[in-house]
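Here chain A shows up in two complexes: once beside chain B, once beside chain C.
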Partner chain A sequence: MSEEKKEIANNIPVPASLKQGEEENKNRRDFLKDMGAAALVGAAALLTNSDDIEAKSTWAEWFQKNYRLMSDEEKKEAIARLEQRYSEEYGKNVTVDNVPAMKGVLFGYALNIQKCIGCRRCVHACVKENNQSRNNPEIQWIRVIRMEKGNFSLEDTDKGYPAGSGYKSGDNTSYGVQVGGNAYKDSGVVLEGQHYYQPENVPEKDAFYFPIQCMQCEKPPCVKVCPVRATYRDPDGIVVIDYNWCIGCRMCQSACPYWARRFNWGDPNLPKEEMNPNTHYLGNRPRVRGVMEKCTFCLQRTRKGRYTSCVEVCPVGARKFGNLLDPESEVRKILDKKKVFRLKADLNTYPKFFYFID
Partner chain B sequence: MKKVKLSKLYILAASCVLLSSLLIYKLSYSQNTEQPKTQQNEQPVTDCFESREGYTSVTRVENVAPKHGFPNVKCSQTTGGVLWWGDAYDGTIPMGEMPICGDYTCGSYEKGEDAVVRPREPQLKYFNLNPEQHCAFCHNGKMVPFPKNKKPRLLAAHQDIVADSLQLMHGRAAFWCLDCHSATNRNRLIDHWGNEISFNQPQKLCGKCHGEVYIDWRMGIHGKRTGMWVKGGKKRWWVCTECHNPHTVQTNRFNPLKPEPAPALPKGMKNADHEQSEHGLHKEPSLSSAPANPSTGH
Partner chain C sequence: MFPKIKFAIDFFICCWKGSAKYYAWLAFLGALSLIFFFGLYQQLTHGLIFTNMNDQVSWGLYESNFIFLVGVAAAAVTVVFPAYVYHHKQLKSIVIIGEMVAITAVNMVMLFILMHMGRVDRLWHLIPVIGIFNFPNSMLTWDVIVLNGYLGLNVVCAFYYLYKKYTGQHPNDKFYSPLVYISIVWALSIHTVTAFLINTMPPRPMWFHSMMPIKFISTAFASGPSLIIIAFLVIKRTTALKVEDEAIELLSQIVTWCLGLALFLAMSEIVTELYPSTEHSFSLKYLLFGKHGLSGLVPWIWTSFTLNIIAFLLLLNPKFRKNHKRLLIICIMVFIGVWIDKGMGLVVPGFIPTPIGEFAEYTPSLFEVMNSIGIWAFGLMMFTMLAKGGIGVLTGEIKYSCEPGQGSRRNKEPLVCHPFCSGHPGSTGKEK
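Presenting the complex of A and B:
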């Protein structure tokens, strides 16, 4: 056996550098040195060749730091670079701000689930505002789920089990182990619904609609799992992404219990005439392939005092937005007056997105 | 030799036919492909409605902000609704005197706040038939005499607004047109104290009865606002009649809307049938058949 192994080992081709002595190793080192020098020369060529803006900015972007570690000077440089690049690419005067979080502001959102008619205007308003890829891949940050009206009654929870299986009510062998949901009825499953509903008109009589987007959690699971800290929570409560630092591992996507994160599987497809030139570094600036994105409460707008795009478009006024630290704000009044719940509150993510009913 | 020549001729003729047919095909193809394109380019939806169809509308103006080059609004090409406001205050006027502010109703909106509304008067069909005297052109007491009492009667005109005046779909037949419209000044609304109210400020009238909703609206909980969320920032307040039709509230509170298109299906998915209730998700399981063959029950 051992001889056989030896034979196999001998048959495996071994790299020349490993077989030979130290002299060769030295040569390898020299080779690497030369390579490094060549790379530097190449880089220098790229940097000095001012005509090729793209090459220059690509070089600079590769070596830029995490946004939070960048100095003001570096931020300014990065933004100037991006503005130049985007303006050239989209043929309009594109601005990229880096407006920081306002002091004394914690953004909160409230949505009247009773009023939502499921027209999906918010979904498309968001796309118009936030420069998402329009097709292939089509990216939307808000999803509206159609749910059928029904009762979640205790009587239903043990229906649908085969007779004699021990779960049927009235059966002496019922152990009462499983509550809600079984192989025949998904009464215990949360958030089952329809994404692709397309009726003639909305609202429909037997349905209600449930829009979901990023909840801007106070304890965001996506931030916890990010291995490179490309996503983090700003002081105004917005969970943001440094698109240049994101490595596209999609850990955050699987961590998010609200299905809020979207991944650019392909090169984003954003027509020039559709592009919104008012952008923010951490918000709606055009993305590239292989990065994660999600709702930012339109921070390019809200950090300058304007309502989000989805709030403005909602034809029934179901969406409300404001400062949670201001007791006179719309959201705080809603928290005071209305019946409010948060989605999956049991996960202790402390969302800043509230659903309410009149 | 003759044969060869003939065959050559044939080939020539055939190739001619082929070429011409190709040309024709190409021409017709290009016509076919260009037609829808030009149609799309010529008639994109540029007049779009704001909250409900046939009510207030906006016309898209390119380069509202010339420095950046974005339009005032972006319209949905499928439903014709406004999807995006570049200018949140397009076509607005100051709201005027702020509604009464109670202890709790004031919210963050103190005196002197920059509140604007989209005026209703320019949108009213009959109001604008006469550009100067408006409704009073006909309702001047002579051409159309002033009504003597508030007794419901059949209307001779305006059936397009109120189809059956004996069954006024507001207030459950408890009141009449003149409870809201001034009997002597048809250009104005009137509340039960006799105050005349402009068509641009319906909230002053509606709030008299619908107090609870009015309080919510005043605080910003009910209804819609666009513009700035910040305290003291300029806001467009959407007034009652921009969403509710006061003449049909009882039967037709809102006109249903056509929904915007659904998201694209994931690659490889042919349809969204898996979401339908037929697949057992929301359907009551038939208890009798389920135990016999569990695989069909799901």
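Presenting the complex of A and C:
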């Protein structure tokens, strides 16, 4: 505590003859008045941010309201603050949008699992577009699950119990087979896929691929459990996070059935040259440690009429995106004509992310 | 106003005065709890990167301790309920100790929550009016309400009682009794709501069943009274406070039956889950037997079962239950058994596998372990001092003296004279 007190003291011209005790008392009173209940955290912030402008903007950010409750002017101020800070930090002209949801738009996504070849170009394009932390670990919003194709074997059909359990195949005393021996190995479509596959070439013969990301549920469990409403559903159906309001309790991460949310466990690291300067307040602006993030359907692009980066990059055209309220949109046509399903439909979360096959 | 200030000062002084052993104990705990401040500083400056939590297992040791300690806090009701509803004389005279356990446990709960949060500096976002309180949607906001309410109730109940004792007056029943009854119901609510906090998440099938609240309460009413018995046995040996055998006997019976119920519920869960053996039972399978060659939690859960089952069988036998040396060991067994059951047996496996079926193991980092030890040490220190002050009042070591400016520890008759304040805790039994 003493260091920052001295720092404040140095800024005020005081005759040297003044007793140090009085001076400190006076300053402390001012300090407490300014900082209010936040004295402890304030001390930490002031200690770590000796730079004056940065300290100021940190303070302003600390006191700012939830994004939805800000007046237009407050939004402008917050954005100006961020743009200035990001531009300085990343050495380029960074813009922070606050384009709101358009009326008459409800974004939806459709993914053709028949076409997906598991190349993960979408994963990397997403990271590049959305300014995720790059190292240790790289935060990825899309994960592609490799689903194995298992085999059935004839020898196992009359094996009723695992080997060594005392039951013999064909033994009359076992009173028939109770469990098919094929139940003890991966057979058919294996539901336990894995998303760490490293093949030389994709697609692999014995697998198919199942990309997942935020499903932008119409009834999002993550929004319900958030104690401070830092995450909410915008009118265009995108579930967003106010990175400046999130308290990092990770309730949403536990409640999400699709494992779509990622937490910034440490300080995010984003190399200057890889930073995407076209950002949105609720989307891909650089994050801070201790907050949650996830796919936003690239709202910095889509709210301006562009496709998401994963749709753009997909080499096989497996990814489709559009306005669910527009009967002429590609997604709506897919919903009308293709065989469509949603992931974990039994949970009643009503995702706006559909899987389909031709 | 004067007696109140005097009470506060006397109580505070009493907390800090003791034998060399007492100081050594406090110094030991104080040194250990310094680790916590180091950990807090690290987290404020670097985030949670030093922990071993990750996006797969995003709640860890902190959350485990939080859930366990909510149970300990709730368990104060096992002292308060018999004391006030059944007028159990022997418990009524030492009911304060139970409330001190509750106060301490809730404080530890809050510290663990602070350590769990990614942005402690934004805690104010949670405060109604100045922040946004997502009530009644978010279960966590319910937990905030019940935990803070419970802390308030216990602080008021305990210190009001002590103050009245200190001045030698009777507690005002119109004020005190309703508070006590509310706190009894409230105690159940804190663990129920904490159970709802995690069992309302379908993506975590291991937690997603309606047995959770009653299982929480039954395990809590086994581990909590165990801790209180341990505290009573230590207090009995080291202080002048009289702890009657009947009080300990009743508590040990509560431990017995609640532990039995907890074991029964665990058995029901295992049968229900493992008989059909669906994908939803993978967590439990992983916990009990390991899966895909991963078995990090298996030794823990079987240790927990072993401790709890042996403790239960021993408790059934009065020879063990009534022998305080043996009872002490049994209580330590139950306490450790339930602690493992709540952390390694419930919180961690709930995340394994992840909702998309990934098995990722979690072992707390040294950083997490040290911080947790720090908070436990802080809690023990807090309890020691609160109990010291409370015992000081109960035994009449500190009481209100009419002459201002005089040392309060003088052997003088108090200003208000009443049998209630005669210094012997057993005398409280006469009032009913």
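Convention: the second predicted complex is superposed on the first by the 264 of 358 C-alpha atoms of A that agree within 3 Å, B and C clash if a C-alpha of one lies under 4 Å from a C-alpha of the other, contacts with A are read in each partner's own complex, and residues count from 1 in each chain.
The rule we apply is simple: contacts are C-beta pairs under 8 Å (C-beta built on N, C-alpha and C of every residue); 3 or more make two chains touch, one makes a residue touch a chain.
Bear in mind the structure is a predicted one, so any value in this text is a computation, not a measurement.
S.K.: If you stack the two complexes on chain A, which partner ends up touching A:88: first (chain B), second (chain C), both, or neither?
M.R.: So A:88 meets neither chain B nor chain C here.
S.K.: After superposition on the shared chain, which partner residues are touched by A:224: those of chain B (first), chain C (second), both, or neither?
M.R.: After superposition on chain A, A:224 lies in contact with chain C alone.
S.K.: After superposition on the shared chain, which partner residues are touched by A:195: those of chain B (first), chain C (second), both, or neither?
M.R.: Both partners.
S.K.: Using the superposition on chain A described above, determine whether A:212 touches chain B (first), chain C (second), both, or neither.
M.R.: Second partner only, chain C.
S.K.: With both complexes superposed on chain A, which partner does A:337 reach: first (chain B), second (chain C), both or neither?
M.R.: In the superposed model, A:337 contacts chain B only, not chain C.
S.K.: In the superposed arrangement, does chain B or chain C reach more residues of chain A?
M.R.: For chain A, the partner with the higher number of touched residues is B.
S.K.: Which parts of chain A are touched by chain B and by chain C alike?
M.R.: 143, 192-195.
S.K.: Which of the residues in chain A come into contact with chain B in the complex?
M.R.: 92-95, 117-121, 123-125, 128-129, 135, 138, 140, 143, 148, 150, 159-160, 162-163, 183-186, 192-203, 276-278, 302, 305-307, 309, 311-317, 320-323, 326, 328-330, 333-334, 337-338
S.K.: Sort out for me which residues of chain C touch chain A in the complex.
M.R.: 41, 44-49, 51, 53-55, 58-59, 116-126, 131-134, 137-141, 144, 198, 200-204, 279, 351, 353-358
S.K.: For the complex, which residues does chain B have touching chain A?
M.R.: 50-52, 67-70, 74, 76, 79, 81-85, 88, 107-108, 216, 219-231, 233, 238, 243, 254, 256-265, 272, 275-277, 280-282, 284-285, 287, 290-291, 294, 297-298
S.K.: Applying the document's contact rule, which stretches of chain A touch chain C when the two form their complex?
M.R.: 37-38, 41, 44-45, 48, 62, 66, 69, 143, 145, 191-195, 212, 221, 224-230, 245-251, 253-259, 261-267, 289-292, 347
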